[in-house]
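In what comes next, subunit A is part of two complexes: it sits with subunit B in the first one and with subunit C in the second one.
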Partner chain A sequence: MSLISTLARLEAVSTGRAQPAATVRHRHLSDRPLVFVPLTTAGEAGAPLGALVGTDRDAPRLLAVPQPRDRDLRFAFLAELADVVLPYVDGCAEAVEAAERTETDPETGKRIKVEVDLCADAPQLIVPSRAGIDLVRLLGRSTRFRRTAEQDPQAPYPAPPRVPLLGRWLTHFGERARVPGSSLLLAMTDVLGRHWATGQSTLEDQHLGALLAWIDPPEGETGAQAALRAELERDERGQLRCPPAGPATDPAFDNKLLAPAIERYDRARTALAAAEDGLQADDRLGALTAAEREIRDLVLSRTRPTWDAVWRGLDRLRELPEGAHVEERWTRDRWSFTGHRDRVLAGEPPQPRRDDAVTAANKLATREREQARLEAQEALDDPLVMAGRRLSGEAFAGEVTDVVMAYSESKRPSPRPLVTVRTDDRPHLGERTKVYRSLGGKPQSAEFVTAEEDGAYVVLRILDKMGRGKEPEPGSVPEKGDRVCFTLFEHEQRGGAKLPDPEETPWTHGGPPGEPALEAADPVTEEDVL
Partner chain B sequence: MPPPRTRGTALRHRLAELRGPDVPAKALDARALAALAANPGCARRAILDGAGVNKAALASALGAPSAFGQSQFALTRGNAFEAKVKADGGAELLRLVHEKLDRSAEPPTGARVPDLTATGPQGRTARTALELREAGAHPGAWTLLDHPMLALDVAGSLAFLEPDAVVVHPDGSWTVVEIKSFPLLDGSADPAKVGAAARQAAVYVLALEELAARLRPAPRVRHRILLVCPRDFSNLPAASAVDIRKQRAVTARQLNRLTRIEEIAEKLPEGTCFSPELPADELTAAVESVPATYAPECLSTCELAFHCRTRSREEGAVTSLGRPARAELGGLSTVAEVLAAARGETGDPADPAVAALRRAAALRAEALEAAACR
Partner chain C sequence: MTTVFDPSAAAGQATDAILHDTLHGTARGVVVDSPPGAGKSTLVVRAALELAEAGHPLMVVAQTNAQVDDLVLRLAEKNPELPVGRLHSSDTDPYDKALDDLENVRKSAKAADLAGLAVVLSTAAKWAHVKVDEPWRHAIVDEAYQMRSDALLAVAGLFERALFVGDPGQLDPFAIVGSEQWAGLAYDPSASAVTTLLAHNPDLPQHRLPVSWRLPASAAPLVSDAFYPYTPFRSGTGPGDRGLSFAVPSDGSGPDRVIDEAAASGWGLLELPARHTPRTDPEAVRAVAAVVRRLLDRGGAATSERSSSPSPLTADRVAVGTAHRDQAAAVRAALSALGVTDVVVDTANRLQGREYDVTVVLHPLSGRPDATAFHLETGRLCVLASRHRHACIVVCRAGVSDLLDDYPSTEPVQLGTVVKFPDGWEANHAVLAHLAEHRISWRP
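Moving on to the complex of A and B:
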């Protein structure tokens, strides 16, 4: 946490309202995101209890598992989820635009441009909290290796047809969420926490209700009071008025409401199975339906407040103008989405349990590169983020006080003007340190020459982006009186050293992975929870 | 004239008074152990845990009930899994210990599983110690102690601990077994949960080492414990050896550093009592007479955290925003102080913390203004 954000939190404490931590929106928000509010059963590894899911804030689809330990009911839940998620994903996969990509020609080994399809939009999944992202990943892991009856007639517990495909998409969303700055799968608490500083700690910010209470306190109440109510207030039945955003439920809810309801459901089901004639069966079917509806109502009562909170959060985020580089990062998400769509269409097997060495190294390199890119782009898009970088000595801003023309000492002298900047910042400049400023969206580099008057005046030599002629192109050199901001970090990230193709993996890293084989499904036992 | 009481019994007597008449002492559970490691400098937590006060009941009586609780689904599932692991005289559990920790030993067949039932924690501790000594008399045999009871001296008072199991190897060494119900998925588990299990096991190892030091010859307590979890999405056990040397060293150091409970008890006003039966204002006064060091991390480890948080916020303590916030503000510890210093109303500009704060405030104001103009 930088001192600037600590200060924002302290201001939030004293004003009773969250303070801005960003002046623009740093994440892409789709016009039609798919919001997913899941609940799980305590103690089981990701066994779903229910969910609200959909793209229409007024008409979410309620999914519930009346007995979470029943495999058929769990499969029914996943099949229903697939019926919502997959059409949404397919809807984005259809419209494409032409794009160019550089590829290595397999015959000549040269880098050539090829024309490919790029999906015009990509799906966006929004969950309430970080634990929701983990659940998406877990659901993906638990379903992508499942076999349907069509794939394997001998499978002991065949999965409904589209469930393995759902697993592959959820896995892709979960993996992409690990790339800094990506927006395919977002946790609402993370995004809100990025844009507002509340008067509580980051640990407490994980509670969506409390976080929103600070950002948007009800009339006549401070953020602290509203947050406290969101965290702790219980109704006459001992239930939290603002249920946890999940996927874990409140133990008091499990013990007092859910467990008796599930027990009633189990009893109704046993009674139905033991019915002796049609009339009796009809009666008991009615009782079973009533018991099931009760559980559905319980699930709805715990997920609906969170569902509304997520949409309120989206409203607040939409009020912020989008950062200049957000579109570019979203294009990367679209590439990632298109790539996975093509892999699915090409009939490739699901993502393996463990990546091979080259894929894993590539993923790590991507995450590092994207982290650096995100940090640089956020600073360029947002003066408040840049202020943090200036405070830490990684950037400086000021007014140009003098420009002296100078030339390089080569056969064809090129312009190397010396620019003096007056600044209050204290950047960490060493001899010939490279600095960059944004010139029409492109980085222009300069090097540090000397500092005068105890660092108040910084002399820089501009190095590039001035055209080919002897005289610099108009507008390419700052003029006296201009406000400029230089950074010590690079604006664009270079790719690291190229890794070998997977077939060329050296023996030190396990050797070539061989043909991608379809991994076996998890062995199933009677007591399995998924 | 009664015989002069020893220091030990005097302290025990004093702690019983603090707990209140007829209130039984509460054993140190996993959460108290975690709080111990998370916040060793908190005198309030130290005395309450040391005296065996039920902090959950205390928090409710103070009007700031803790949000902890366990779902019966999790409980049922956890118990079912533990029973499955320990079924058939612990055959599967011992097979895992043999496979993961001691492959050179004879495979376990027909291990000894002594009965450890006894009355009261003291009785069960003595029984456990006896059986551990007894196991030493059977070299070459495997012994499984199911839910033994161990005692550990925590800042001057005895805390009773109950590990899931302790295994005595044929060479006489001891291993702690932790059975947890979070899954081991494709060979890896949630690092936060594994870390918590390792810290918990480290306390058991320390308690066993104290016990081992009293035996001749002293048996070795292994520093690799066995963590047993459900495999993937099934109910089948999968185990992994976890090296807890680091957690053991950290916990041992923090136990030594703990403010002596005696010293805290001496500073308390006469007649202080933490019984949940007392009226709320008296209880609040009693709790406030012991200083606390609240940090947001307490929320996940201590039942009293909501009470302490309210106090910390009322005082405007910067730490309620997190320890890192406190660390970068130098000598300024309250919200009002920091904001006044940032606005240039108070504070010495030569103080680097104050200078940095003013610079940060100026930069922030400039940036917000620039954004508002757009």
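Moving on to the complex of A and C:
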């Protein structure tokens, strides 16, 4: 944890309120995000119990699985989820704008510009917490290889038609969420935690209710008190007043309310199956419907508070102005979305279970580049983030006290002015350390020459962005009295080297992976058909 | 009959076997594990020269520009006639200026300019941008354990066969983003190049260098036991071959007493009172600076097998190692307040591969309330404890062994990954147990 975030947390403890950790919003928020509040059943990995999902905060769609171990009901849930998610995704894919992309011409091997479609918007999925992102991934993994009756008439348990496609999209959302700074799939606790520092640990920040209690404590209460209440307060039936954001549920809820309700549902179902005549069946169907409604009400009662909390979090985040580089990062999300849309349309198979060596290395390289880019952009967009970097010696700000013109010692001397900056910061500058400042959105580099008066004055040599002439272009060199901020980290990331194509994976990495085999879904075991 | 261990003969045998496999073997790769100071660079230079003499065009991959420049200088020193190419980046000052004085070293940012030279050297990052029609017959990959698997993936297409040399005990490569997704895959891009190489080619011949020429007889057994329990090595020198003495006698202070202890035994632990502190613990930082100041003030002289007369312990023969960059910066500031400016102060990552007479180490766990994976990493402690030819002085708060017992490692177990032994917990305990015998408690 950086020094400034420690200080912010201490301040939050002493003031009783979360402290801002950012002055602008560093993540894109869609005008129409799809909020997804899922619940799972205890004891089985990824068995959905229900969910609230939708784009309208006043009209969420409730999905529930009255018997979570029943595979047919689970498929029905996934089919219903697909009916909400896929139209939303398709809606974003409709409007496109023309864009250019550089591609390698397969014939000449040259880099050429190609005109392609770029979706004008992209879907945005918001879940309450990080565990929700894991569930999205898990649902994607468990459904994208399923076969529908149409794809494989012999499949013993065919999936409903759109479920494998849902799995591919959820997988894409889950993978994209691993890219630093991306906003296709966001966890509300992560985004709020990025923008506010609370007086509790980052682990406790995973509790959406407690996190919001620190950010927005009710009148007359401190954040700590409100957070404690959110975590612990129970009603007269022993149930948490602020249910956990899930997908896991509170054991007291499981034992006291959910388990009996599911048992009633099971009994009603068995009774219906045993009905001997139509009249009896009618009665028992009524009982079954009532038992099902009871479970739906239970699911709603546990998800609705979280649903409202997610929207409250969105309200707070929307109050912050968007950071200057957020749009650029969202454009990359749109590219990622467009790319996957095209792969789906082209009939490509679902994402493989495991990445091959080249894909894994490419993904890691991209994510490392995005991480470095994100850290630089957040600091440039936000003085509070930059303050943290200054405090840790990675940047410094100050006033220009002197500018001396100097020239490089080459045949055609170019300007290399020496700029003295008075600063109270203590950057970790070494001999000829490169530093950068933002000049009209582009980085201008300088090198450290010397420090005077115990580091209070830093002398820099400006190296570039001064034009081609002997005299620097106006405005390209700081002037006496200017406020400047230099960073020790680079503002832009260089692209890495191109890796070989997967077919040319070298012997050190196991050689080419061979023809991609069509992957089958996990085999059905006895436990699957309880 | 007892056989006397002859370090030169043992090292010579190992080198011969390595060179034989490299020049005449049939395997596509040869892996050499080298403990600290075992003559890895010497081996690389010798292998390069022999391959070049045999008429095999050779590419050499190192990890940093400093390592590449160092190899070029060593090659030119051994054989000034050899045409050598230094492929460099197009940044400003891409290589050491000393290379400009070497007649047969051609430098270029384009690989095509260097075609046909006997040996071409560059960093892995630069090689990754090179495209060739026909791969090199031979390559040498230096510091292969510090190279990431994805970096090897980018360059492996450039050569047919390669000699991989490195130290498995030093810091593992790392990624700045999570890579759990690929843990357990043979080609996990964040793993070390050698891990991936051996996972896919388990039958490659593997050698190790058995003798450390850097570490003194007092240090080799501890470093070998603590960090290389299954691949032990010996020191090249015996107990009486090295000595450290000081002209100015001790003034009885903590720093002086720990210096004398380290001079006599090779190890010294300056233990400050137990306390939880910020990373840049001002007391510990001042203690480190005080020890360095006294080391230089007391007229130290180092005797070793290298020369018959003692050589003075000057500032360039002393280094300070820390875990974090801000700690290094704090120590530098404290040193310059004491008027010391030319002692190297750096993190474990940057001290890798370097060698000094005496090192002063700020223990990675000193004053910490918790033991994270970063601070427990075996390689970090190993680097810090194996940079010296004569003595190593560790500055640490009391209570680290309790801290280790309070925080057993809790990293999640990943299926399919090779568990690394010894773990940081075990290695830290082994080192602390040994240091306890050389403890000087001091309240500044």
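To be clear about the criterion, the second predicted complex is superposed on the first by the 527 of 530 C-alpha atoms of A that agree within 3 Å, B and C clash if a C-alpha of one lies under 4 Å from a C-alpha of the other, contacts with A are read in each partner's own complex, and residues count from 1 in each chain.
Just so it is clear, contacts are C-beta pairs under 8 Å (C-beta built on N, C-alpha and C of every residue); 3 or more make two chains touch, one makes a residue touch a chain.
If you're wondering where the values come from, they're calculated on a predicted model, not measured in any experiment.
When both complexes are overlaid on chain A, the residue A:L364 reaches subunit C alone and has no touch with subunit B. In the superposition on chain A, A:P413 makes contact with neither subunit B nor subunit C. In the superposed model, A:P506 lies in contact with subunit C only, and not with subunit B. Within the superposed three-chain model, A:P156 lies out of touch with both subunit B and subunit C [touch as defined at top].
After overlaying the two complexes on the shared chain, residue contacts for A:G238 are found with neither subunit B nor subunit C.
In the superposed pair of complexes, A:R354 makes contact with subunit B and with subunit C alike.
Within the superposed three-chain model, A:P218 lies out of touch with both subunit B and subunit C [touch as defined at top]. Using the contact criterion defined above for the overlaid structures, shared-chain residue A:G467 touches neither subunit B nor subunit C, since it reaches no partner. Of the two partner chains, neither subunit B nor subunit C is touched by A:G286. Counting the residues of subunit A touched by each of subunit B and subunit C gives the higher count for B. Touched by subunit B in one complex and by subunit C in the other are residues 354 of subunit A.
Residue ranges of subunit A in contact with subunit B, taken from their complex: 1-4, 6-11, 13-14, 20, 23-24, 41-46, 68, 138, 141-142, 199-204, 224, 231-232, 249-252, 254-255, 259, 353-354, 382-384, 386-388, 390-391, 522-525, 527-530. The touching residues of subunit A, counted against subunit C in their complex, run 178, 180, 354-358, 360-361, 363-365, 367-368, 371-372, 392-393, 428, 432, 496-497, 499-500, 504-511.
Interface residues of subunit B facing subunit A in the complex, by the touch rule stated above, are 65, 67, 69-78, 181-183, 185-186, 230, 232-236, 296-297, 299-300, 306, 313, 316, 318, 320-322, 324-325, 328-329, 335-336, 338-339, 342, 356-357, 359-361, 363-364, 366-368, 370-371. Across the complex, subunit C meets subunit A through its residues 28-29, 93, 125, 128-129, 149-150, 152-154, 156-157, 175-179, 181-182, 185-190, 193, 196-197, 200-201, 325-326, 329.
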